[in-house]
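Every chain is named by a letter (A, B, C and D) in the order it is written, and numbering of its residues begins at 1.
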Amino acid sequence: MSYRIEELLITTLAPMLEGLEHVAVGAASPIPGAAALLARHRGGGRPRVSMLASRRHASFTDGARELFDCAAQGRIDAFFLGGGQIDGSANINLVGIDGYPASRVRFPGSFGSAFMYFVVPRVILFSLEHSRRVMVPRVDFVSAPGTSPSNVYRPGGPYALVTSRCVFRFDRDRGRFALASVHPGQTLEDIREQTGFDFDVPARIEQTPAPGAQDLVLIRGPVGKDISETYPDFARRVLELDAATA
Amino acid sequence: MSYRIEELLITTLAPMLEGLEHVAVGAASPIPGAAALLARHRGGGRPRVSMLASRRHASFTDGARELFDCAAQGRIDAFFLGGGQIDGSANINLVGIDGYPASRVRFPGSFGSAFMYFVVPRVILFSLEHSRRVMVPRVDFVSAPGTSPSNVYRPGGPYALVTSRCVFRFDRDRGRFALASVHPGQTLEDIREQTGFDFDVPARIEQTPAPGAQDLVLIRGPVGKDISETYPDFARRVLELDAATA
Amino acid sequence: MTNLETLVEAIHDGASVALAPDYSGCAMAAVRALVRRGARDLRLIAVPQAGFQADMLIGAGCVGSVEAAAITLGEYGFAPRFTDAVKNGRITLRDSTCPAIHAGLQAAEKGVPFMPLRGILGSDLLTHRDDWKVIENPFSPDDAIVALPAIRPDVALFHAASADRHGNVWIGVRRELMLMAHAAHRTLVTVETVVDDDLLADEARAAGTIPALYVSAIAEVREGAWPIGLAGRYPADAAHLAEYARLARTAAGFERYLDEHVRGRASAA
Amino acid sequence: MTNLETLVEAIHDGASVALAPDYSGCAMAAVRALVRRGARDLRLIAVPQAGFQADMLIGAGCVGSVEAAAITLGEYGFAPRFTDAVKNGRITLRDSTCPAIHAGLQAAEKGVPFMPLRGILGSDLLTHRDDWKVIENPFSPDDAIVALPAIRPDVALFHAASADRHGNVWIGVRRELMLMAHAAHRTLVTVETVVDDDLLADEARAAGTIPALYVSAIAEVREGAWPIGLAGRYPADAAHLAEYARLARTAAGFERYLDEHVRGRASAA
């Protein structure tokens, strides 16, 4: 079965969420959202999924602070973060490039990253763009650090970095990324070319598995139907599902 | 018009609440509650009255902590506290007599006194019993202190002590009570006899004014009707109002 | 959904258990089930005060310690079994003040180790709480403030009006129950009724709903607050509460009460 | 009840103003009224992020400083007038992170000078916030934690679905609006409709109601969130928002937008 890159990313992210109790997904995250819903479909209802942008899948009733309190209570096992810049120590920058406060390029801001990155055990960094513009040697502004000294309270941290080219796992002890798998059509050379930071490479390079037929049926069926409530554009454009028919 | 002691206490307390924005009344406080409602009737709707025990007059929607948060925000101008023991420095004891933790006489506990006494500008101590058992030289356990050193954050504190015998005003600078008025039928001698602490006495001793006819009409009319929702026993027994007819 | 006896099995001997005040959601049926089971060494946390629930558990010997701003039967008088246990040193006391208990639970809710709180300085409560600390306000010189450690109960136990089949629980304005659920490791709830629709899908009821995420187990128990009332549902059984207050004045009277209304009512809960 | 123009008169130049995020209760009509009035030097506090409201006020020159976890138009892209003002140093930035803003407001709600919060250590946010302090956890050695000062806005400004004639405001699950109201000195609210019954008397709606006690003034403004949507009432006007995002890319385009949709709509609000 042919598939799109978004579908590959969904089936790549979903296994990272399996066996967990509760996954939260921030706003404007259709691919992580679909991955969480796919993991839930495959897990027979587990993990529980809280999608902030969704009406149906947002179960918080204590205001905007509840997501963060809930994470601090240890009730959120996985969360997704992005970054205008990401470096090899898993530092992320959501603030701006070249100068502060008067940055040459200004991003929206750090959102909850400076907190969630510390308290959610499995933070998955996700970036569609994989270029030297994003994957930098050292971020210009640390919205949230990838690692912390041992005396800093930090049950959480980076778990993996998933891009349109490959999957990196993060080794918290070594504070470095290691290439875990390369997406179909990508080469190690390409990835090195497009990545501004150094990373570990295993002796044998794995390819990211293509989406299975069963997963594609789920994604284009019940998962797509579910996600189209929150992201109708995404469902229509990527999954070719109309809200009306989905 | 003849009146009961409870009615005298209501008309004595009410003027202490006039001109305020918001008065809160704790549970099991029919006389302070009626006084607050009388003040509101006389003030054309001011002060706002929050009666914790009432359904109609309890406007909190953020759980049991809201009363305290609201007071800390400076939104409660007056509150009532009692005490199993009260001393001449306005220290109050709601915990127990003779030993701690294994007290010989154990009261329920300090409730919110150790907080409200600090943050509500006008705390009125109220005690129906006025004897040496309650009005002691020094409380056995300080649930909440009457005064604090100048470097302690304390916008609130004791304003007056109203008993079945008299009214004391509290002088925060001197840390002492002064007799303000003596209820009809009581003498300075009686009060001295029944009070275990020393207090200031003015050159000319005022008598607590008897309830005016208009106030009695209000108390036995609209105020009684209002209070009977929360304290039907009190309304029936003291104000001779039946919930049915009130 | 589970049944009452299974629900309280999750409350192990020695567990810290947060209880609601008499004016909120009292799980009296669950308390009777705990007495029947012979629970031991419970560490009660009254949020922020407790009444009949605490007095009965203390009288039945289920309780090792009590953290509370007050234990009282309210208009029915002092809590007699509590008073007796205090006088005879049978329970460990952690006397507190209402907002300190709320603040400690809020610290647990926020995952912070402590919460600062105004007031308290100069109170003898502070003298007897070696787990409370006085620190300097870092934003202002010479300004001491009390730091209260987070209170994270093993179990929050309460009764509510309704739950749905997804495990969401409706508590209305009784928001201290939500704070308890957020703060506790596990939340056990008895409810009057289980409704068929989704509480979170109704915008009005959603605002007063604890999401299933925080709820470990639910048992449907009609009149689960009896003899306490449940606001908007049924009033307190005043005659029964007065009878309790009278009998509980003595150990023998209290045993008689248990025989008649707790141990004898196993099937009726 | 008052009208829109009178409502915003209570927001003085230089006031700190807490605003809701685009997914909550955006008072867009009130923002337009502020632009028309030519408000100056407002110190915006985004709770915890803001979108169109902030971008428009910044573009119109009403803003002196911004405290926010993010300013963004979400799916409509970066906030162009914000971005431009940052690049040119026209506003003072106080970059924050979502839970830090909530915690600061909760400190104000509780009347404490600060709130501790986990995380943040090692973030450059901390480097640039000299009003944030790192303290030692008094309950555990060698455990640094960030202390955030209370955020007490002069004004909380938001739009809600309904209010009653007593001044109670229904916000449903949008509880950040209640936190804003508790924390702020004054709370100004625009509502879709004024209902005739008492919101607090209805047990379902009471749970999602801010009591009048916290509300300084209310103006009834139909579609007061437009072009933002209001959950459960009306969706966002996507075409209009896209048009804003397009025009606001340049100063001239933004001026054209103001002329057409803000200054020209004085009577229609």
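FYI, a residue touches a chain if its C-beta (ideal position, glycine included) is under 8 Å from a C-beta of that chain, and two chains touch if they have at least 3 such contacts.
Given the structure is predicted, the values throughout are model-derived calculations rather than measurements.
Chemist: Going by the touch criterion stated earlier, list every chain that contacts chain B and also contacts chain D.
Modeler: Correct list: C.
Chemist: Where centres are the averaged C-alpha coordinates, which chain has the largest centre distance to chain C?
Modeler: Chain A.
Chemist: Taking the mean of the C-alpha atoms as each chain's centre, how many Å separate chain A from chain B?
Modeler: Chain centres of chain A and chain B, defined by C-alpha means, are spaced 59 Å apart.
Chemist: Between chain A and chain D, what's the gap in Å when you average each chain's C-alpha atoms?
Modeler: Averaging C-alpha atoms per chain gives centres 28 Å apart.
Chemist: Can you check how far apart chain C and chain D are, centre to centre, with Cα atoms defining each centre and the answer in Å?
Modeler: 36
Chemist: Can you list the chain D residues in contact with two or more other chains?
Modeler: Counting only residues that touch two or more other chains, chain D contributes 103, 106, 110-112, 117-118, 143, 145, 173, 175, 178, 206-208, 231.
Chemist: Would you pick out the residues of chain B that each touch at least 2 other chains?
Modeler: 60-62, 69, 72, 119
Chemist: All pairs of touching chains?
Modeler: According to the stated criterion, the contacting chain pairs are A-C, A-D, B-C, B-D, C-D.
Chemist: Note which residues of chain A are touching chain C in the complex, please.
Modeler: Spelled out, the residues of chain A in touch with chain C are 22, 48, 50, 59-62, 69-75, 119.
Chemist: Can you list the residues on chain C that touch chain A in the complex?
Modeler: Touch list, chain C to chain A: 108-112, 168, 178, 182-183, 200, 206-214.
Chemist: Applying the document's contact rule, which stretches of chain C touch chain B when the two form their complex?
Modeler: 21, 23-24, 47-49, 68-72, 74-75, 78-79, 82-83, 86-89, 92-93, 95-100, 102-103, 106, 117-125, 128, 142-145, 173-179, 231
Chemist: Would you pull the chain A residues touching chain D in the complex into a rising list?
Modeler: Those residues of chain A that touch chain D are 27-28, 53, 55, 60-69, 72, 94-96, 100-104, 106-119, 141-145, 148, 151-153.
Chemist: Quick one: in the complex, what on chain D touches chain C?
Modeler: Against chain C, the touching part of chain D is residues 103, 106, 110-118, 133, 135, 137-140, 143, 145, 147, 149, 171-173, 175, 203-208, 231-232.
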